[in-house]
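Okay, so here's the structure we're looking at.
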Amino acid sequence: MDGAVVATGFDVARVRQDFPILSQTVRGKTLVFLDSGASAQKPRAVIDTMVRTMETAYANVHRGAYNLSEKATAAYEAARAAVARFLNAADEREIVFTSSSTAAINLVAHSYGRGVLKAGDAVLISEMEHHANLVPWQMLRDAHGVELRVARVTDAGELDMADVEAKLEDGRVKLVAVTHMSNVLGTVTPAERLATLAHAHGAKLLLDGSQAAVHRRVDMQAIGCDFYVFTGHKLYGPTGIGVLWGRMELLERMPPFLGGGDMIAEVSLERFLPASVPAKFEAGTPPIIEAIGLHAAIDYVESIGMTAIEAHERTLVDRATTKLSAIEGLTLMGRAQDRGGVFAFALDVAHAHDLATLLDRTGIAVRSGRHCAEPLHARFNVESTCRASFGLYTTVEEIDYLAEALVKAREFFS
Amino acid sequence: MDGAVVATGFDVARVRQDFPILSQTVRGKTLVFLDSGASAQKPRAVIDTMVRTMETAYANVHRGAYNLSEKATAAYEAARAAVARFLNAADEREIVFTSSSTAAINLVAHSYGRGVLKAGDAVLISEMEHHANLVPWQMLRDAHGVELRVARVTDAGELDMADVEAKLEDGRVKLVAVTHMSNVLGTVTPAERLATLAHAHGAKLLLDGSQAAVHRRVDMQAIGCDFYVFTGHKLYGPTGIGVLWGRMELLERMPPFLGGGDMIAEVSLERFLPASVPAKFEAGTPPIIEAIGLHAAIDYVESIGMTAIEAHERTLVDRATTKLSAIEGLTLMGRAQDRGGVFAFALDVAHAHDLATLLDRTGIAVRSGRHCAEPLHARFNVESTCRASFGLYTTVEEIDYLAEALVKAREFFS
Amino acid sequence: MFDDLRDLYQEVILDHGRKPRNFRRLEDADRHARGDNPMCGDRMELWVKLEADGRIADAAFQGKGCAISMASASLMTETVRGKTPAEAHALGDTFRALAMTGTCPDCGAELADDMERLQVLGGVSEYPSRVKCATLAWHTLNNALDDKQEAASSE
Amino acid sequence: MFDDLRDLYQEVILDHGRKPRNFRRLEDADRHARGDNPMCGDRMELWVKLEADGRIADAAFQGKGCAISMASASLMTETVRGKTPAEAHALGDTFRALAMTGTCPDCGAELADDMERLQVLGGVSEYPSRVKCATLAWHTLNNALDDKQEAASSE
């Protein structure tokens, strides 16, 4: 199961050594971790940075006129700057730290949704959204009288752009909120085209980059969207940290979401005056250690290089497509042209949970169920699937091993 | 600055060895960390637990039918059980993990506030609230037409119980939300009496235990309140994790707050059905590593024993009261009977920020400003204060050193 | 590759999973309940017919889910026939203990025969995330016997 | 105990902090601005009177805050008198660089005299959280000269 130097010039064997957990065994078998799409493992650089912070430079941030707090504040704000560079944001202040992608989308749904959108306006999502980019808009619809429209997904698992356009036609859609990469189908959506289309119809565009930001270089200037969210734990960073990027002029127009310390400029018992962006959206003690850990994760990813990561992943995707397609009785969900390293599949003779348990016995960790995308499973008429998703430490050999195990599993259950 | 075995039988010197950061020097001086009220330092046990989790047992929780995810899920749920024991909650499911106290109070303000309270109902807070327990209620008032009442604080810095009672009189107050311990005055409020009083007038009681839970044993059965919140980073745990405890029957009646993965039982494009408590309130990937770290913090605190911690703190409070009261030109804010280790003060000849900078030069870390309690400073007619707050690693010698430094600082600025 | 998985997926389970017994609707049932583990997607409906003296005359179910949940429901419907509701509750408690711990210290002589049949599901205790698949049927039975309206769940 | 703090709190600063110069309202001011660092609570109001040719005839302020912010405003009002707005802006930029880095590489000969007087505040660079106290007055001056209505802030 050791990785080899693959054609891309990316030394996956060396990369694997950066991740302590990968040397674990599971019930006596080498761990083959194929659930990075749910949450990625953490490189030593991230772990060490968090430890160093807690051991040498920890205090609450902002307002502290003493050395440790100044150090912690500088590190926290350096993390913001690192995220801004990572996304190529125009201004660091456009980076708002939240606790997850879910929290970031809810922030927009509450603040932009209730504060800027009006009853009668519409929000357009798609059939392939993660629940995090579905339920907040259902709540907004129910609480605020905003219409919720859902763009179709084609049989190949791509966003139906003709349907998107048709649903934008009447100009009532004021916000398009879609995934940049499906966590089930692997589909990467055409971000730039979506931005152009949305803007042409008077709508803003929010992209859920929870998956995409891990697999691609994402550039706010190039894409031209208006909001972008991602989550730290899928990008090899800690849990408890997420990011909302928004255009300055939008963030400035939005009312605060959560109330508390640090988000106010002035407060009396009668009223409060919100602080400026981004403080306005960061109520209370932020995830300090986690933001600093995310900074280390971004540095780590960039030290390898997004281009190398993308190329490595293309190799994995090609191999997985070939190998999995060849397995009798296995149905792959989604076969988009532009896709990342996420494969959901069903086996004719076994329920997804039974299959996952079986694979676990061989050391392979895959997720089973509906992957927080129940409507998408309904769309494809599938009760549940197993999902293998890749990280930058995933090897071609692991994919071969998965394919082999699936063939054997089919024999086992037949 | 080394701690000695104090009268309580609590070996503070040994305790200090558990905190790697305490051996730091600041500009060549030994660190005297007196800002634990803003955020506490982390013992090695917490740091090691987080590292071990990331190195050996990390994966996303719930839904994962494979070994690592089962391990992570078990550890995450064990953290919930530990918090339930720590608070003596009747049922583990009453423990909701959030990202902070601030997030927990906002959850109640949104979900209970908009979902259960009606326009015309009133919420009663006090003049000594942290902004986290003020601004969310102002937002609720403005958005939902709930009246916001504010109970007075006496000149001694205690909650004016007669005023509380008067404001409950007409029966329109449906929720009392007050601090269990002031982060500025150190005042501990009479929790049991508040519960009895609130209930007698048909109101529920939320206690903001962000400070109190660190200094006292807090027992949900004994207090009889309805909601309790605290935050991990002040309890020697990681940032990014907070706790809401609520009575089962209330949590069950409350609508969800944030939408996303894991908080739904069923979802179609048309509608969603919330999951049961506590999943209903934990949308998205939770702060997994942080919850597990909080568990280690609770174990650590309990290994020392809340009784010993309380006794040690009483020694510190007595010493600080004596020493600080003796300093010419120094005004202490608050002199409540029942108080914890938080002291806010102003020096006649120096602005709080200048004083904090001066103290920093001697290695002493204190906070300066209004400590997220602007209305309280207005109430006491003070522009800003310095605040020294103690942790279980604070020593009597550190307090003496602070007093000495304050005397010298006064000379310096005079 | 999967040899050591035979402890969980014994032939009996695969067989009951593929061809569950008593997989039908009982039109003249006295009791009825639904079971639902939304997170894993296991779902079932259970019908029970009672004798005049309150004993279980017949039990049948329909539903969909993994092999474990189907096999467990199938074995349960076979095992509870002829039992009083109290006996069925007790058996369910013992089965849950088995599913969670893998051992059955409480298995007194009076439960020995039944538990022997159910023992094939004991391997599930090694797979914490799957325990709830095995116990859903028994939670559903409790709700049916207690005439509870809400759907049972073992999550 | 605080000997090495004399680099920050030099006697000049303590003196200006205690008795700020030009601490008054200018009734016939041509320009006016507010400065506000809400997080630290430093707050000031600044008035500027201009000559016919646009040079600064007089500058005065009122406000409250820490010694650093008061001393900086006091020193500023003394230093900018007689300067054109462009010169005042340039001086402010240089001062901000000094406050942030502690050094003043750009201090050309034409700024040398003024910067020498302001140099006493250079020690603030070692205290990142206090830099904004030192620069608030200069942000406020910019706003006054540019006739901006919103309150200036250096946070």
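Labels A, B, C and D are assigned to the chains in the order they are written; within every chain, residues are numbered from 1.
In this section, a contact is a pair of C-beta atoms (placed from the backbone, for glycine too) under 8 Å apart; a residue touches a chain by one contact, two chains touch by 3 or more.
Since we're looking at a predicted model, the values are computed, not measured.
Repeated interface, listed pairs B-C, A-C or A-D, reference B-D: A-C, with more than half of the contact pairs matching by residue number. If each chain is reduced to the centroid of its CA atoms, subunit C and subunit D end up 79 Å from each other.
Remark: subunit A and subunit C have CA centroids separated by 39 Å (rounded to whole angstrom). In whole angstrom, the spacing between the mean C-alpha positions of subunit B and subunit C is 46.
Multi-chain contact residues of subunit D, defined as those touching 2 or more other chains: 39-40, 127, 130.
Among the residues of subunit B, those touching two or more other chains are numbered 27, 63-66, 69, 264, 266, 353, 357, 360, 369.
Interchain contacts (touch definition given at top) occur between A-B, A-C, A-D, B-C, B-D.
Of all the residues in subunit A, the ones that touch subunit B in their complex are 20-21, 24, 26-27, 31, 33, 35, 38-39, 41-42, 46-47, 50-51, 54-56, 58-60, 63-69, 99-103, 105-106, 109, 127, 130-132, 134-139, 150, 231, 233, 238-241, 256, 258-264, 266-269, 271-272, 283-290, 353, 356-357, 359-360, 364-369, 372, 374-375, 378.
Touching subunit A in their complex are the following residues of subunit C: 1-2, 4-5, 8-9, 14, 17, 39-41, 64-68, 127, 130, 133. Interface residues of subunit B facing subunit D in the complex, by the touch rule stated above, are 27, 350-354, 357-358, 360-362, 369-370, 383-384, 404-405, 408-409, 412-413. Per the touch definition, subunit C reaches subunit B in the complex via residues 36, 38-40, 127-130, 153.
Contact residues of subunit A toward subunit D in the complex are 62-66, 69-70, 73-74, 264-266, 275-276.
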